[in-house]
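Shared between the two complexes below is chain A, which pairs with chain B and chain C, respectively.
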Partner chain A sequence: MESDIVFGRWEAIALIVNTICARIFLNFPRSMAEDAGTAGWLETIYFTIITFLLFWLISKLYAKFNRQDLLDIAELGGGGILRVVSGLIILALLLFIGTIILREYSENMKIIALSDSPISFVMGFFAVAMAVAAYLGLEGIVRSHAIVVPQIILALLFILVAAVPYCKPTNLLPVLGNGGYGILGKGFLRLSTYSPLLYLFLLPPFIKDQKSFKAVGYIALGISAFLLLGSVLVYLLAYPYPTQLEYFLPVFQLARLINYGRLFQRLESLFVITFAAAAMHYLSAILFFAIHVFKKTFKLAYHRPLILPFTAIIFTLGLLPNNLMTVIDLETKVSVRFFWGVTFILPIILLSLARIRAVSGSAPRSQGPPGKNKAGAPKESGER
Partner chain B sequence: MSGFFDTLKGWLLFAEPAPREQFILRENESEGDGSLKNSQPEGTTSSKKRRRQKGNGNDAGATQPISRRLADNLSAIKERFNVPTNSDVMIREFDIIVGKKAIAAFMIYYDGMVDRKVVNDDLLLPLMLLSNLDIKSDEARVPAYIRSHLLTHNQIKVVSALDQVVGEINFGGVGIFVDGMDSAFTADVKGFEHRTVERPNTEMVIRGPQEGFTETIRVNTALIRKRLKDEDLIVEDVLVGLRSKTPCAIMYIRDIANDSIVAEVRRRLKSIQSDYIHDSGEIEQFIEESTFLTSPHMVATERPDRVAALLTEGRVAVIVHGSPFALVMPTTAFELVHSPEDHYVRVPYANLLRAVRILAMTVALLLPGLYIAITNFHQGMLPTGLLLSIEAARERVPFPSLVEILIMEVSFELIREAGIRIPGTIGPTLGIIGALILGQAAVAASIVSPILIIVVAITGIGSFAIPNFSYAYSFRILRFGYIILGALAGFLGISLGLFLHGMTLVTSKSFGVPFMAPFAPRTAGDLGDVVFKEPIWKQERRPDYLEPKDEVRQPKISRGWIGQQDRGGDQHGE
Partner chain C sequence: MKRIVALILLFSLCLGLTGCYDKKEIDDLAYVLALGIDKGKTNTLKVTLQYAVPSKLGGGGGGLGGGGGGSQVTSIITVEANSITDALSMANNFLSRRLDLSHSEIAVFSEELAREGQIAPYMNLMNRSNEFRPSMTIAVSRGPAEDYLKGIKPVLDLVPSKYYELSSSSYKYTGLTINSQFLDFYSQLESNAIQPVAVLVAASKDKSSTDDQAGGSQKNDKSGGSTKEAQAQAPQQNEQPGASTAEAKGRSKPLGGDYLAGDIPKTGGGASEAEGLAVFDGPKMVGELDGEGAMDYLLATGAFHSANIPFQDPRNKELLVLLTVRQRQKPQRRVEISGGKPKIYLQIALEADILAIQSGYNYETPQNLPILEQASASYFQQTIQQFLSSTAQEAHADICGFGQEARGCFLTWKDWEDYKWLQQYKDATFDVSVSMTIRRPGLMLRSEPYTSSGGESQP
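So, the complex of A and B:
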């Protein structure tokens, strides 16, 4: 279904890059060290190459579906039932990510800056940010990404470059780290790092054409891969292996290392603001897409009445884990193991089904008259 | 009380949103035949009921016709102008000699609004005395004869509706009624006192023109026209205000400005249904998109050179009679940071000024909030020496830093407000009170710490460096929000403030143009004069987000002499 809102490539790229790279500010470099030891950077290259190949395959399958998102395609492939099933799977993923990320960011913020504040208070700030952003709509979210993401990238690069003098090449030895299983076996599951590509498969109605879809995907993957690899490399180079496993916020630790004279030190303050900006943008995108998917799955006319209930659900679920360790454990057990499947396998299945049904001529006509959906609701604008 | 419950209900329960037409800026290819023609303006033609029926005078028709009987016109005019209650309404009755017969006539005007000398020499004298001369003409019709041979004034109109005459008289004109004519003459003989062209008060520059607008509409339009010597510069008159009928002028360059922006400005102005409009500030509030967004949606400037420069980019200006501030729309957040001087000084100087201004804005908005955040939550982020200095300075202060900074900020706002309202002669007293009592004495009494005085002073100086005073207001308001957020959650609170502030800005529009264009959304075209300024010869295109009819401002090589030197080569081989 086409939308009234169409935004440019840069806005879409910024959205995808932030949602992928926001994990850098959490524990991504450390998790690479846990998996593959000093070969964490090789692991990153490995699953990035697989991601590019999978995206190439998905974009080929997408070629025939101009400005249709995953739910439209599910409907083409299997009618309303498949649309609802796919929508619920994606919705579950988004709610889970939203909950985990909200709690994880809040816990980390509490540890680095607000140690005396209750966790619900810290989470409240992020919840307000995501609810207001969802209220203002996708247009505002992507435009804000377009302005803020370059600044976040610059701040991250600044921290990484400033930490280079502390890097020692010997910290990368042994080159193959924990060995083949760590790089290739665990690395395959780390495809989930790129699970925010799922948002790209929900974006086609808002992007001009198929060419833009592919360009956005490749450029966003390229920038994200560069940043992920850069952060892992600098972290692995800056600390010896045993220390790499100690820190829960690797980039924060890198920022704390920086010390050039009496004045130019304690740059972790830069980290805190960058961290919070990335988190608020990421969470606002998650909430919007969760509501958007729910609305589209059940063909509702408006999204704004859903904002408060969804925010309350994510906020409440976020309070359930006992502590940060539980959250990280949940993330490892669920996100890493299953989300790559939802991000890459589900679209391949849906696209294949839709193509088969299109070839056999039995695809249901999912598109209503222009400007109306089946419920006769006004044309989707993402702003109601 | 019911209002409170309605508001509460609105927050809790969902109501179907009322359909609201949103203005969307159209691209120029959708303008039809592709010619650069604008749609032509609509024709411009005492009781409450009469006023409501007739609107603000912009609509043709629905007006009281002029009678052929002079007595009827006289009584109608007396009724409309409340004669004799109105003491400054002057009615002068006289006879005009046309051929061999004397025709009764009368003239009406406001005393003090017209130039008496012009009325006497160019209107009464020819009508009463020169009409006795033997004029060689075979013109038989009385109106044409009077217009062609007797009225020597340069601006005479023949109007057929009484309301048109009334409108002209209200704006310093003279109405002349002649017996037997179903029309009247109006002459523009404005002579009311007004301020002369002076230096602008709020937008001073060192280099560049030193003229500012006055309160007189025609002076203001002329100040712009004398800079833009372009016959495609259009000045459309619109009357706003059901009673005041305030003359406004919509100005744009016909073959540059986007038609849909011009039409939208015209539509919004003509739709205003208020009785009195006194100033462009009121017009701004009637036509802006969002009332509660702190940032202004249009540039209010008292500099004709700035309006001229903005018009050449494809914008539209509104000049309001009685206001020395012109409104220019659409605008973006980045343009509100520009100063007219940026165009007149060389690139390195302009960029230095812009950098200083960006720093000033950041300081004005965030410094108090950051101070609170750091002193309350992130002490570890300060270098140890600085932290010890701050703590030593705060040692004897009995208040928490939030109360301390609020005391100082509120005091500073009081001084600022008092400084504007205070009579000029006792102005220096305020400086002494502010400096001594709030500065020295407050520190001596350990009510505030010296470092806080520095923070508040730098913040104040920063806010003075913001070139657009409406934008500076916006920063003053938001600063308090950042202080509260900084006190609540340190950098997390500040980040939330920046996020929400940014979201409201990126979702705002000024006459269909996104407020954060050309960055969000990123539009095509160069960024030569957005944040920092490129050399003037590299600014080849007009802002793309305005969808101008003519996008090219100058060719790729705008300095012809460069090409000539390249061919010949200069002595350095460059």
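So, the complex of A and C:
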């Protein structure tokens, strides 16, 4: 389904990179140490390679579906029922991530900067930003990403580079860390790290063509892999095992290390700004896509009336967990177990079904030029 | 309508930006600069807090006079409590400003606490709390930490935090103390490849400084505790200043590195000292090393910057040759596991400039220079070899962290854990080699003999 909004590759890349790499500011480097110990960096390389292979496969399957997102393809593959089922699965994932991430980011902000503020007050700020962003629509969100994400990347790289003098190569020994199961077994489930790639499968109506889709995917994966690996390597090198297992905000801990003389220290203030910017953009994207998927799943005409209810749901659900430890536990367990399946297996199944039906002639193949809407449904605008 | 909504939203966001819940005015806070932790008499701990008095900082030169500067720009309180946070809460009951630890430069534990292994419970707080800095210095005081802090009277620095920052980096040009930051200490406590060390500090036994310190204590300390009592509590401190480790090393006269903190023979310059290091086996202090031990530690770990080092003249044992020594490159460290026992190889490359040759012998010539290079290399080789052997056989503590290299001999963490490095370290053997290259002779290319009515003589 085509859209009347089409944005460039960089906007889409920035969106995907931020949604993948926002976890760097949470506990991603620590979770690598948790799985594989001193070999956390090998684990990162391992599941990144698998992700590239899976994306290669998915983009091959996608080749015949120009400017159609996952829900369009679900409809092509199994009709309205499959569209609704797929939409609900994706919606559940987005609502879960939105809820957990909103609470986690707010709790982290409370720990590092706003210790006396009530959690609802901190969450309220993020919720307002999410709602405003969703009101402005996808165009506003991606354009904001295009401007802010390079700054977030620069700030992150600055922290990582500044922490390099604190790195000790011997902290990576023994080379295989927790062994084969830690790297390969647990590493496979860490494919969920790249689960925000799911947003890319919802973006085709807003991207020019299939070539752009592939380019956006590969470039975003490449940049994300570089940042994920860089953050894991620097963290593992700077903090020895098992101390590295203790900190749930590894990049914040790296920023706290930086101390060049009396005037150049306490760079965690840079982290706080970067962290808040990444969080706000990430949460904005989640809310928009949740509303977008709901609207598309049930073929609604407008998305703006859904903004307040969805914001209220995410905000309220976010307040349910008793404490931060529960939130981290939920995020780790649920996301690791299920998200990789929704991101990689679901699209492969849907694309395969759609291709089978296209070959058998029971479903139309969509290769039409931009601007034509073969399904007859309202155009994607992301604005209404 | 849209604009009105946007304006309302904007204004409501602006209200939030004032941070009403978390506002902290700088002049509402009292910044703790140093923390002293002793065993308490009426409770578990005696916590000494030295905090800045900002109103005295802006007054110009007044604070610099004599030893009084430190006492004016900082104040000290001591509280007996069952934990550090409890002590802070109690202190906040009688201070007008809220105590803030985000500018703490040093945490000093008494030797008594350290030797009983009671440091660990307080490390957790320091690691968990957002206020403590990872770069905060961890020190062990020979004698009460309270006395050490009360003896600190910066003469040259008006800003007390600058005093701590500069003095904690003096190892870079003396080599007689070490850099022991909280994060390193903490991670070494948890590590199975390296054991922790801390800077060794003490209240000075110099009588003039001590008298001054006692006066200062009475002025600042309402909770009591005198220096005499403090010295009585010091577990292993010598009675007189000037006690050195030279005799044990077979030297007739002590060198600068042959002292432990508190024993430096001096008068004036404040009543607190730092020299040497405290050796830990896990959370328990098991020994202390003098200034030379600290230098060997720095050389073996690659943390040595430069220092002026005296050693015996190869041709005249009564006189000294002084070199400004630098580490040419990081030490090459290698560990082999042979027959289940660790074999440690350490290669140290040094370079030096000649600072003084008391004998006046012309070591500067290309023919004689190798004599000096060989003699100095041999001196370092012997002291480092002895130092490493003592860490293994006496302290049973791998403070130089050779276990970090030893991990390379194993493929997985489980294999490494099963080897139990810290237990095996006591059986380690060391192969130390030191190379010395003398680069520059200072401003003199050769020495001419002094002359007198009796003829020529060496200086």
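One rule holds in what follows: the second predicted complex is superposed on the first by the 369 of 384 C-alpha atoms of A that agree within 3 Å, B and C clash if a C-alpha of one lies under 4 Å from a C-alpha of the other, contacts with A are read in each partner's own complex, and residues count from 1 in each chain.
One rule holds for everything that comes next: a contact is a pair of C-beta atoms (placed from the backbone, for glycine too) under 8 Å apart; a residue touches a chain by one contact, two chains touch by 3 or more.
Please read these numbers as outputs of a predicted model, since none were measured by experiment.
When the two complexes are overlaid on their common chain A, residue A:Asn259 makes contact with chain C while staying clear of chain B. Judged by the touch definition given at the top, the superposed model places A:Arg304 against chain B, while chain C stays out of reach.
Contact with chain B, but none with chain C, is seen for A:Trp10 once the two complexes are overlaid on the shared chain. By the touch criterion stated above, A:Ser269 is placed in contact with chain B alone, chain C being left untouched. In the superposition on chain A, A:Asn323 contacts neither chain B nor chain C.
When the two structures are aligned on the shared chain, A:Thr38 is found in touch with chain C, with no touch to chain B. In the superposition on chain A, A:Leu114 contacts both chain B and chain C. Judged by the touch definition given at the top, the superposed model places A:Val132 against both chain B and chain C. 113-114, 117, 121, 125, 128, 132, 262, 265 are the residues of chain A that lie in the contact sets of both chain B and chain C, per the superposition on chain A.
Against chain A, in their complex, chain B makes its touches with residues 14, 17, 374, 377-378, 380-383, 385, 489-496, 498-500, 502-504, 506-507, 514, 516, 519-522. Only residues 9, 13, 16, 19, 21-22, 127, 130, 133-135, 162, 165, 183, 186-187, 190-191, 193, 401, 404-405, 407-408, 410-416 of chain C touch chain A when the two sit together in their complex. Within the complex, the chain A residues that touch chain C are 37-38, 111-118, 121, 125, 128, 132, 168, 170-171, 173-179, 239-243, 246, 253, 256-257, 259, 262, 265. If you check the complex, the residues on chain A that touch chain B are 7-8, 10-11, 109, 113-114, 117, 121-122, 125, 128-129, 132-133, 136-137, 139-141, 143-144, 146-148, 262-263, 265-266, 268-269, 272-273, 276-277, 280-281, 302, 304-305, 384.
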